[in-house]
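Note that the chains are named A, B, C, D and E in the order they appear, and that numbering of residues resets to 1 at the start of each chain.
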Amino acid sequence: MFNTQVTLEQFLTSIAQTGQLLGVSFVGGVLIGLPLGILLVATRPGGITPNKAVYNIANPVVNIVRSVPFIILMVAIIPFTRLIVGTSIGTTAAIVPLILYIGPFIARLVENSLLEVDRGIVEAAESMGASPFQIIWRFLLPEATSSLILSMTTAIIGLLGATAMAGVVGGGGIGDLAIVFGYQRFDTFVMVVTVAILVIFVQGMQSFGNFAARRVRRD
Amino acid sequence: MFNTQVTLEQFLTSIAQTGQLLGVSFVGGVLIGLPLGILLVATRPGGITPNKAVYNIANPVVNIVRSVPFIILMVAIIPFTRLIVGTSIGTTAAIVPLILYIGPFIARLVENSLLEVDRGIVEAAESMGASPFQIIWRFLLPEATSSLILSMTTAIIGLLGATAMAGVVGGGGIGDLAIVFGYQRFDTFVMVVTVAILVIFVQGMQSFGNFAARRVRRD
Amino acid sequence: MIQLRNVTKVYTRAKKTITALDGINLQIDKGDIFGVIGYSGAGKSTLIRLINYLERPTSGDVEVDGLVLGDRSPSQLREVKREIGMIFQHFNLLESRTVSHNVGMPLILAGKPKHEVEARVAELLAFVGLEDRGASYPSELSGGQKQRVGIARALASNPKILLCDEATSALDPETTRSILALLQRINRELNITIVLITHEMSVIQEICNRVAVMENGHIVEEGRALDIFLRPGHQTTRNFVRTIMSIDDEPVAQVDGERVVRLEVLGDALGEPFIDRLKPDFGLRTHIERANTVYVQQTKILVLVLRLSGEPGAIDAGIAYLESAGITVLEESADV
Amino acid sequence: MIQLRNVTKVYTRAKKTITALDGINLQIDKGDIFGVIGYSGAGKSTLIRLINYLERPTSGDVEVDGLVLGDRSPSQLREVKREIGMIFQHFNLLESRTVSHNVGMPLILAGKPKHEVEARVAELLAFVGLEDRGASYPSELSGGQKQRVGIARALASNPKILLCDEATSALDPETTRSILALLQRINRELNITIVLITHEMSVIQEICNRVAVMENGHIVEEGRALDIFLRPGHQTTRNFVRTIMSIDDEPVAQVDGERVVRLEVLGDALGEPFIDRLKPDFGLRTHIERANTVYVQQTKILVLVLRLSGEPGAIDAGIAYLESAGITVLEESADV
Amino acid sequence: ANDDAAGGDSKTIRVGFGVGLYEQMFRDGILPILEDEGYDVKITSFSQNLQLNPAMKEGSLDLTIFQNTSYMDSVGAELGSDMSRLNFIPSAPQGLYSDKFKSLDDVKDGATVTVPQDPATLHRAMALLESIGWVKTNPDADVATFSLNDVTENKYNLEWKSLDLAQALTSLADVDFAVINGNYITTSDRLISSALAVEKTMDEQTQLITSVLTKDLDTDWAKDVASAYDSQEFREYVEGDDTYVGWVMPPNWK
């Protein structure tokens, strides 16, 4: 049962790495995805400030990035990664492709959430002479908050799955530990422990997300 | 430029495999995810038919499945896969874990979409004496259709990303071609062509999804 | 038919509680058109939502058709609800479905065959004046049109009880009148019980046989519509009544030696040429200060506020004559 | 102030087109309280939404404050809109924000400092009678309370023009009256132009100086409120007017030798004791068939429908007398 | 060839390939021979090596061409699958490469070295490093579960960068040294001869092999596969194609 090759230190390091991968990439992904999702909603035909040019660039860009399998994305952007963080390997290097992977995904979820806001709200905003920025910031985002929180929960859990691939560029993390020891080296103990840790991560994040969304929705 | 190791036939086979992986897994994923998402919405505290027991099983189950990195999931369920499709390798075998991967993800997106439906609609349904099934089928799903379509679009594109990992069990497909030749053998031509094909896939699906959602929303 | 016993409904949020209903007792009989009127926030919507158990009372019992709803299982409650149509204050239409589909929904839920649903929908749409809008979606309708869709939907399944939460508040008077006439017709012909929330006294006036007046979660007055109109007991009731009988508006400025009286003429008295007789027979000078003709449920009432002057005895005699003719005469006091 | 020239609005869906507005010409002057009345679906909401360009006309020009809106850039349009408050038929409140936040929104958008916003919000909430509900969320309010929040929000930034789409339709008469009184006050004191859509003639009666009557996308009648009330030209207008002057309801059954006349008494004529003189001076028997006292913008009007009988010449003489006293006398015809 | 296929006339062989160029070599050099002999060959390629042996064990594959003997034995024990080597095949040797340094002597304390992630390949890599005196490893370590924890002595305190095999070459610029599998060098524009150190000889344990379940060892199709790899025709193909420059040929070819 406790017959394992992995040391406690390795476990702890992995957890820290996953925390770093997840935290930094998620923040980065939100910083890219939220504005991008807003851009898609605002500039789409019939949107707040319809803009064919911007929409017809942003929309395919999101699609293109989302098209590339994550492992390929990791490799394809190595020159870019190196430019940003100075190296193409290790935890920090894994963060760059993770951000690029989750950003456009978040953009789509944000787009979907914002599109669900009642049209009447936008009309009220327009009737007050709100600028596009104000419409987004003061009306759309607050009204969509509960849905956005659930979307972000979905995104961060998806991101956790992707962090498991970080090992390809030596990024480490719990998921990589599961793959390298649990999977490649038949270490059942590691497999069970890592999956348990991941389940706890996910359960925690989902519960928090559900709670926060319910809080915002006040039901 | 055209210096490649991959034959046209391999390309065509891969496209067909991706079509199969994507199509069958998506259908399977929807068959699992849609009911599961509905279940989460219906049985949640304050839902249509609150049921602590069911919710407290379904919710963590979704979390647990979503916790497991896809590559591990693929391997972990091999005995199950073999039971279902008779083999653990090849395209059909890859479909089983893909369904298991995308189903709970779809469930979360469905959950989010359904929660956005106006409470007044549920009240109207209740006032007509609609059964929980009718509330879902006749009220919630129609009202959430546009959002559900966008969610499904997001899901199928996410699924496409996951199909790239099908090669781990010999499942083939465009994404695998990209990994095996583009990534592992530095075949730039294959890389470019496969990514182009994926982009076309994604762009097509997203455009169709956007179109259908707009159609349903009638704007 | 419907009975509320000691019903209280308290909303709690954070540390604040709002008592929407406070010890309500109410009985609505089969075949009633029961009006509930009251100021905004009085608790009218809350009250009506208790009747089909969209809202559960904090305490007290709600009984419909002999069944205490609190004791029912969810599926039994659904049975009860199928017999109760509801028109919502905010319509609550399915945006994703056509007008026809919305209207036909209760029938679809009941599993009625397609042609039957279609026939009934066509009939209902014609009735609410939207025969050519069946294929439209709610977002393409005006406010009043949406409300009419909501009305048609509530009637679709021929419910035993119809709950109307401001069912005509978004409608113009013509449409309101035709809707009210329909409600009255279904009430008579099918013996449907109707509970009708409104803030318009004219709605009550037009069709309700009984009225409850609400204020701050309480029922402050309740009774036959005609009685309430002629003898509003509570200040709130009076405020509502005066909206259609503008005579009560302001106290009449009184001049010494004059008497200001309010005459209520109805029934046989309407045939009496009383106005002709005051001068010749009693030597009274008469001045019409205010006048109103109202119909309360088809009963014509003529209300006059007159300034009478003449010999003190003569005025008394004149009033005695009026009363003998079956006219109610009230001294107007300055504080009403 | 507001001018619509040849405005048409056509909605197209699938193969169907709906002409919501058809060749509208309208001028609203600064300081007007302009009422728009019409049946459900007449195009009232569409019309008002053109004024702040929430909806673009299919053809024709909308001019506000000397600016043709169609020529404006988006940011210029926003400038214009900031000067126009709007109360929506369906409230359109932010569900995620408290009542206070909703009301203060126009000020927040204008970048006003926090304490200023708070002070103004408190003032507005007190005005609409929701002083203790600032921390509530819209979902916790009754229908009328939501509407009051919408009203407070529209007033927050002291707009030059106020557009009200059924601003009081969900309100009880008391609240309606206090809201209307406020509108009138801000109109007088701040010289705000108000465009007010309603299906309630009593609202028009209470505060509008000018009225347009709409039907099927057309303005069928337009003019001073008093004129419209006394001499409704179009059948639709008449239908609306009769809702507050119930006298027009049904033709009076006429008996041979009798004449049925309608008297309109206003201004100085109200002081004339005409009812006293018909019998003694002209030998006429008088029967009050219907009567109404209405106030159109504080002007009192007494309308009586009388049955007169007596010598043929005497009736004519009586009528001549009434007219000489400044009373308008109209022969009631059976078809009104 | 499962029982009904191999036993009958259809002569089907189901072959699985993992990471590397062995599939290409098979398609170009072996497949024509087998097809001439009337075999219907079904190829399944895996993007990772791990599922091949389980697939053969469950009977989904007849033949796998991706592993070396030590890995086969070790995994066979782990899985309880009785597998045997059919024959050796030309193999791409691992090498130690650097873009920053020209010689092994340039190694400094704390230098970063890329090593493979999967146990078998890592095991080979450490054997290479051990052969140049940089590390010592636990001699009892099992190939199937070999990990960096089995490195017992690290003379230069080398910092290991454990990466996906293909990634080693791509990220060469970010480390001091990298152990890279020969097939990646072959498909890039580098030469195996540019390595600072190469696996000198691939021994019985590390030379790539074709493997089958032991029970299939004596079947006709297995023998036909083995003889195809030993055929003159195949040798000529390998020797005439510059893809295989620097590769290590089967011991029995000499």
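In the analysis below, a residue touches a chain if its C-beta (ideal position, glycine included) is under 8 Å from a C-beta of that chain, and two chains touch if they have at least 3 such contacts.
Quick caveat, the model's predicted, so the values are computed rather than measured.
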| item | value |
| --- | --- |
| Labels of chains that are neighbours to chain A and to chain D | none |
| Neighbouring chains common to chain A and chain E, by label | B |
| Greatest separation from chain C - chain, by CA centre | E |
| CA centroid of chain B to CA centroid of chain E, Å | 35 |
| Centroid spacing, where centroids are CA-atom means, of chain B and chain C in whole angstrom | 54 |
| Computed distance of Cα centres, chain E from chain D, in Å | 89 |
| Interface hub residues of chain E, defined as touching at least two other chains | 50, 166 |
| For chain D, residues contacting two or more additional chains | 13, 90, 139 |
| Residues of chain B whose C-beta touches two or more other chains | 75, 146, 165, 179, 183, 218 |
| Those chain pairs that satisfy the touch definition | A-B, A-D, A-E, B-C, B-E, C-D |
| Complex contacts: residues of chain B adjacent to chain A | 46, 59-60, 62-64, 66-72, 75-76, 105, 108-109, 111-113, 115-116, 146-147, 150-151, 153-154, 157-158, 160-161, 164-165, 175, 178-179, 182-183, 191, 195, 198-199, 201-203, 206, 213, 217, 219 |
| List of chain D residues in touch with chain A within their complex | 52, 54, 74-75, 77-84, 86, 88, 90, 92-97, 105-106, 108-109, 137, 139, 157 |
| Contacting residues of chain A [partner chain D, same complex] | 49, 118, 120-121, 123-124, 126-131, 134, 138-139, 142-143, 145-146, 216, 218 |
| Chain A residues within the chain E interface of the complex | 5-7, 75, 78, 82, 87-90, 93, 167-170, 180-181, 183-187 |
| Chain E to chain A touching residues, read off their complex | 50, 78, 114, 117-119, 144-147, 149, 161-164, 166-167, 170-171, 173-175 |
